[in-house]
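For clarity, chains are labelled A, B, C, D, E, F and G in written order, and residue numbers in each chain start from 1.
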Amino acid sequence: MQGQSQQQAYDRGITIFSPDGRLYQVEYAREAVKRGTASIGVRTSDGVVLVADKRIRSPLLVGTSVEKLHKADDHIGIASAGHVADARQLIDYARRHAQINRLRYDEPIGVETLTKAVTDNIQQYTQVGGARPFGVALIIGGIDDGQPRLFETDPSGTPYEWKALAVGANRSDIEDHLKENYQEEMDLDGGIGLALNGLASVNEDGLRPEGLGVTTIDTESEQYRVLDESEVESYLSEHDLLADETETETDE
Amino acid sequence: MQGQSQQQAYDRGITIFSPDGRLYQVEYAREAVKRGTASIGVRTSDGVVLVADKRIRSPLLVGTSVEKLHKADDHIGIASAGHVADARQLIDYARRHAQINRLRYDEPIGVETLTKAVTDNIQQYTQVGGARPFGVALIIGGIDDGQPRLFETDPSGTPYEWKALAVGANRSDIEDHLKENYQEEMDLDGGIGLALNGLASVNEDGLRPEGLGVTTIDTESEQYRVLDESEVESYLSEHDLLADETETETDE
Amino acid sequence: MQGQSQQQAYDRGITIFSPDGRLYQVEYAREAVKRGTASIGVRTSDGVVLVADKRIRSPLLVGTSVEKLHKADDHIGIASAGHVADARQLIDYARRHAQINRLRYDEPIGVETLTKAVTDNIQQYTQVGGARPFGVALIIGGIDDGQPRLFETDPSGTPYEWKALAVGANRSDIEDHLKENYQEEMDLDGGIGLALNGLASVNEDGLRPEGLGVTTIDTESEQYRVLDESEVESYLSEHDLLADETETETDE
Amino acid sequence: MQGQSQQQAYDRGITIFSPDGRLYQVEYAREAVKRGTASIGVRTSDGVVLVADKRIRSPLLVGTSVEKLHKADDHIGIASAGHVADARQLIDYARRHAQINRLRYDEPIGVETLTKAVTDNIQQYTQVGGARPFGVALIIGGIDDGQPRLFETDPSGTPYEWKALAVGANRSDIEDHLKENYQEEMDLDGGIGLALNGLASVNEDGLRPEGLGVTTIDTESEQYRVLDESEVESYLSEHDLLADETETETDE
Amino acid sequence: MQGQSQQQAYDRGITIFSPDGRLYQVEYAREAVKRGTASIGVRTSDGVVLVADKRIRSPLLVGTSVEKLHKADDHIGIASAGHVADARQLIDYARRHAQINRLRYDEPIGVETLTKAVTDNIQQYTQVGGARPFGVALIIGGIDDGQPRLFETDPSGTPYEWKALAVGANRSDIEDHLKENYQEEMDLDGGIGLALNGLASVNEDGLRPEGLGVTTIDTESEQYRVLDESEVESYLSEHDLLADETETETDE
Amino acid sequence: MQGQSQQQAYDRGITIFSPDGRLYQVEYAREAVKRGTASIGVRTSDGVVLVADKRIRSPLLVGTSVEKLHKADDHIGIASAGHVADARQLIDYARRHAQINRLRYDEPIGVETLTKAVTDNIQQYTQVGGARPFGVALIIGGIDDGQPRLFETDPSGTPYEWKALAVGANRSDIEDHLKENYQEEMDLDGGIGLALNGLASVNEDGLRPEGLGVTTIDTESEQYRVLDESEVESYLSEHDLLADETETETDE
Amino acid sequence: MQGQSQQQAYDRGITIFSPDGRLYQVEYAREAVKRGTASIGVRTSDGVVLVADKRIRSPLLVGTSVEKLHKADDHIGIASAGHVADARQLIDYARRHAQINRLRYDEPIGVETLTKAVTDNIQQYTQVGGARPFGVALIIGGIDDGQPRLFETDPSGTPYEWKALAVGANRSDIEDHLKENYQEEMDLDGGIGLALNGLASVNEDGLRPEGLGVTTIDTESEQYRVLDESEVESYLSEHDLLADETETETDE
């Protein structure tokens, strides 16, 4: 009881520290991220893979409208987990930032540069009053000077670079799968397989192509590419991950 | 008790997360939506149908003044459920946005583009302090490049695309009806029937034409069209949904 | 007790939703409306009637200074109930809006257009922080393209169109009278009678001309006209509604 | 107890309604008015009389510095009751407003016009946050197109027109006296007598000229005129209202 | 207990009324005035006297730095009691206001005009949020058109004119002394004696020249003049008010 | 208990008075001053001495970086006690103010003028909301027209002039020493001795040169001069105040 | 209990003092610093060493993306401990400040000048409302006029200069090691050894090159230089500090 009431004293305000130096609003925003279905990113020798679990909560819902994968620029994709409307704000911020870079310097923005612009924007919402933090985590992947790069932004505004990662529900279990199976020399094909297997590791009943989003940016074309449902289906077949045709409710 | 008093600590402020990552003010705004009578949207092969339950609470009230169906542009209609005055603000926002598009680009705005402009506006009211969220859900339907499209906006500012949906009171029951009876190849005529039957499924005493609003936007004319009372009455007769002439009080 | 203390948690702030989706400040503003004496509007075949109960609380008070009926433009009148000083703000807003319309388009503003401008203004005070809602309801009546129109604005900012209505104290009882006796084909003469009888139905001791305000806008002249005390007295005599000459205290 | 603690919940904020539709801060400001000594206004056939009770709390205080009667323009006077410093703000507002009218239209401002400008200003302090209401009531008297007019402004910002009235301490008792003795055909001389008798009716020990302020604006000169102490003394003698020469403490 | 907890509810906010129409923050600012040592003003036939009790709390403190008497303009002096830093703000305001008057109209500002400019400034801090009231009272004395004038400003922003007054600690006891001994025909010499005797009436151990400030503005020179310590000592000797040479601690 | 809970009601807000007229935030800021190590100022016949106790909390800390003595202008020095970061803000303010004076009037600013500019700045933080008071006291010493002057600023924004004073920890004990030993005719040499002895009077284990800062401004050069460690050591030796070489932890 | 609840009263607001003169939000920000892994700085005769513990919490995380060492300008490096996103804001501030100095004066900024610009920025967040303090401490090291300088900034905005220091977790233990082993005449090589040994003193299992960041700025080149993993490994071998190859989880 004591501990609980003490906690309440610090987590109501947006921009204040608790006696042990924590920012509760930021930690609660991380809970909002966990409430969203997972997204996965894998960096391979010849590109970057982004996979999103778009569990569709009704057969009447149009799957493509569940926004979890976004093109930020020709060579950069973003996957999100958490509060969808918040994600849209950050995606818009990233797109404008990338466009301005092209206009001003006549060249594509770096993946790291873009990530840090986004995290600096996020940090402001954790320090200055009058607004709450963003309840969303992003995976930002793309090609920097011919090299695949993969970053994460969290609600505190800290940027991290990863070889492979998951955000959202079951993050920890999926990352265990990734850690065991990731190999530096993997190619895009292998990366897609790893990501789908990682997602399947927390979905007992298998995966279905219409409930998944898969995109790649390869080092050759440096273009954001969305795999269509049949391509996704072949990958699922190949890895024996296809769900039975019983309908599944989701909670997103 | 404990749970309740804990909840109170987080739902008084507008822009803060609860420890489990929820935004209570947004969830309460969703309750405001449920307090409004239902609106239904159906996407058919040749257009979009919007139907609104305008339960008239007095014979002296002029039915057409109960605003639940709105023309946003020639080719886009919006149905609402929830706080009427809030809906008017969003409709005005949508209309201005559509007009500016015509002025600037000399072409009609896309239904998806318009929806996302509206949801981005809604999201701001859930993150920045000094105002409450909008207590209203919208169904935005219209024709995009010859294709019928149907979107939903909710109080969190998340956009969804649907084949058929309901917002407002009894949403879940009406959607059960829609799920069972929706067919991709339906035409507008069938869509109107589906929507009216969906609404009737939660109105035991049947429906009356003066208490309903029905509009269509078909792919041929790409024009927002309001059905008059006699047209509505024929549909109700055809589907055997006409109420007896006993007066009904409503609660809106 | 529980229910009560829970309610208190939500009704102190201006701009927040309660867990069941209600805006308590708006509902309390409606109570402020009920504390004011009644105003009545009736739409007839050849014009609009506005009647206000201006109960005078002292013989030394100059009756004409009790402001409940206002000319918004040549062809539009407004009756109010509730917080008088708040009403004045909205009337001024309406007048400026009507004048600007004449200046800009060189034609009188529509009654519906004016009503919606007023309700949009009211809505802002229910969503944005830093001010309370308006504690007043208005009846806006006038002639639109030769047609009599009659609207209501409430503290939430929702516009309604009516054939006949009452706002303020005893609204529900007066509306019962109106519902029973309203006839679509009534003329102005009949409308005045209906309104006065409606008001008398909740004033056991009858009415007195100096405590009433009666105005009409007819479709022929399209002019706001205030009936003088002798005209009001003849109507009261005709309908046998004249009070005895014993003085009555009022509470306004 | 219950009632009391419930009330406290609503009267701390400036701009919010209580569940029964009241604005407690405005009602408390009315209490501030009652804490001030009374002022009286009387409209007569040939002018307006303003009388103020300036109870002097020390023989060392200079009586003329107790500000309760103010010249707003040549033809308009203002008497106040309540918070003196607040009154000064409103008087300044009224004077500037009257001067601007002369500059802009080259004619004196109407008494009613001026009153409504003042009340609109007062209303803003009851609706918009960041300031408290004015704790003062004013009696504004003057000549409009040759006619004597007499208005009241209260802390809610409502304007009233009166034949005779009192504001401040013992208002209700003084108004009883005014009601019994007021006559429409009274002249200024009679009006002064009525006002002084009204004030005396709540001062058992009689009145003293140095503790009173008396001003008139007559329809002939249309000029604000302050009666000197000897003139006031003759009126008191004439009406047998002179206090004995024992000193009286006051509470202002 | 009940009364106390009720009071607490109203005295925490700056700008709100209590149920009985009081402004607690203003009343508490008056307590801050009482915590300061006294200042006295006396208006005589040929000028104005200001006397301040500058109790020095340490022999190492330079007496002239205890600011209680200030020259506002050549012909106007100000004595203060209460919060010293607040007094400085108001003195600066008064000086700027007096200078601007000279620049704009090429003549000295009136004592009454200056006083009211200061009180209007003070009032703003009692009505508008975001700042506390000034915790200081001023005595403003000077020559207006050859006449000595003496005003008080209090924390509510009300101006008073006096023949003789005290502000600060023991105000009421000193004023009793002044009331008994003030004479309209007194000259400056007599006024200084009255003020010093008044101050001595609440200092049992007598007064010391270095702990006093005495200034005059006479009608002939119309110049603010500070008496030096020897002059003050002669007055004290003359009136037999000199303290013994035992050191006294002060509390200011 | 009662007293304590009552106090809490007033000391949480920045800018409000307690019922007894106190500003708790200012008093708490004074406590912050007491938490800092002491600084001492002495005015002598031929200059001003500033001495600061810079207790070094680690041998790895560079002593000169413990900022307690600052040059504000060639002829003015400032010693501080309390919150170091707050002191830096005020020092910067003082320096800018002094520089502007040189630029504008081409002459050095007066010590008293500078002090009052600083205290006026401090006062604003005690009256206007949105910031806390400064938790620091300053000793401002220098030469005004050839005369040594020594001022204090406290967290309320009150300026005091002193012959000798201490601020910070043990102020009262050090001032007792100063009172007993100060002599008006002292020269700088004597002043340094007095200050060091004063500081030693509250440091049982003696003083060490590296933990002290000593500066002078003499009337001849009118230049701020910092004594080096060997000079300080000679003074300490001369007065037999040198600490043994055992290391001492400090708390600053 | 009493003490605890009393503390709560003062640590919720950002900018207020507690009764004992403390700023709890600043102290809690210091706790946030302690939650971060340690950084160490050492000043040697020929340069400055910065070492950071970048404990990598997953083998999939790219070590270089854990930002704890930053180049502020060619000749200045910054190591941080605490809230990473906050650190980024201050680093950006420092970089812009350094660049502006080069542009404006065409010379590199001083290390001390830069440090004080940063601390002044930090202080504002502890005094002015609307934002929380920065939860980060920085070590700013570089070359000033050929001399190595090493500064610390803490959450209160106080600058300190050090010969050697640690910030973050286990600060006190590491500083004990530094105190015992620091020597003024050390060169860069020795400084690196001292820093690594200091860090190892609180890491029982030894250190690993990929989990460390080491940078130097030497007086000859005056260039910020990052040691590569093999260089770090040799230092670790040389000092026998290499960890066994068992994987370690970290908490950052």
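FYI, a residue touches a chain if its C-beta (ideal position, glycine included) is under 8 Å from a C-beta of that chain, and two chains touch if they have at least 3 such contacts.
According to UniProt, the chain labels map to these proteins: A, B, C, D, E, F, G = Proteasome subunit alpha.
The structure displayed is predicted, hence computed values, not measured ones.
Between subunit B and subunit G, the centres computed from C-alpha atoms are 55 Å apart.
Centroid to centroid, with C-alpha atoms defining each point, subunit A and subunit G lie 31 Å apart. In whole angstrom, the spacing between the mean C-alpha positions of subunit B and subunit E is 69.
Annotation for subunit F: residues touching 2 or more other chains are 129-130.
Chain contacts here close into one cycle, and each chain has exactly two touching partners.
By the touch criterion the chains form one closed ring, and its order from subunit A via subunit G is A, G, F, E, D, C, B. Within the complex, the subunit E residues that touch subunit D are 6, 9-10, 13, 15-23, 116, 119-120, 122-123, 126-130, 151, 156-165, 175, 178-179, 182. The residues of subunit B lying in touch with subunit C in their complex are 4, 7-8, 11-12, 14, 24-25, 28-35, 58-62, 64-67, 83-86, 88-89, 92, 125, 129-135.
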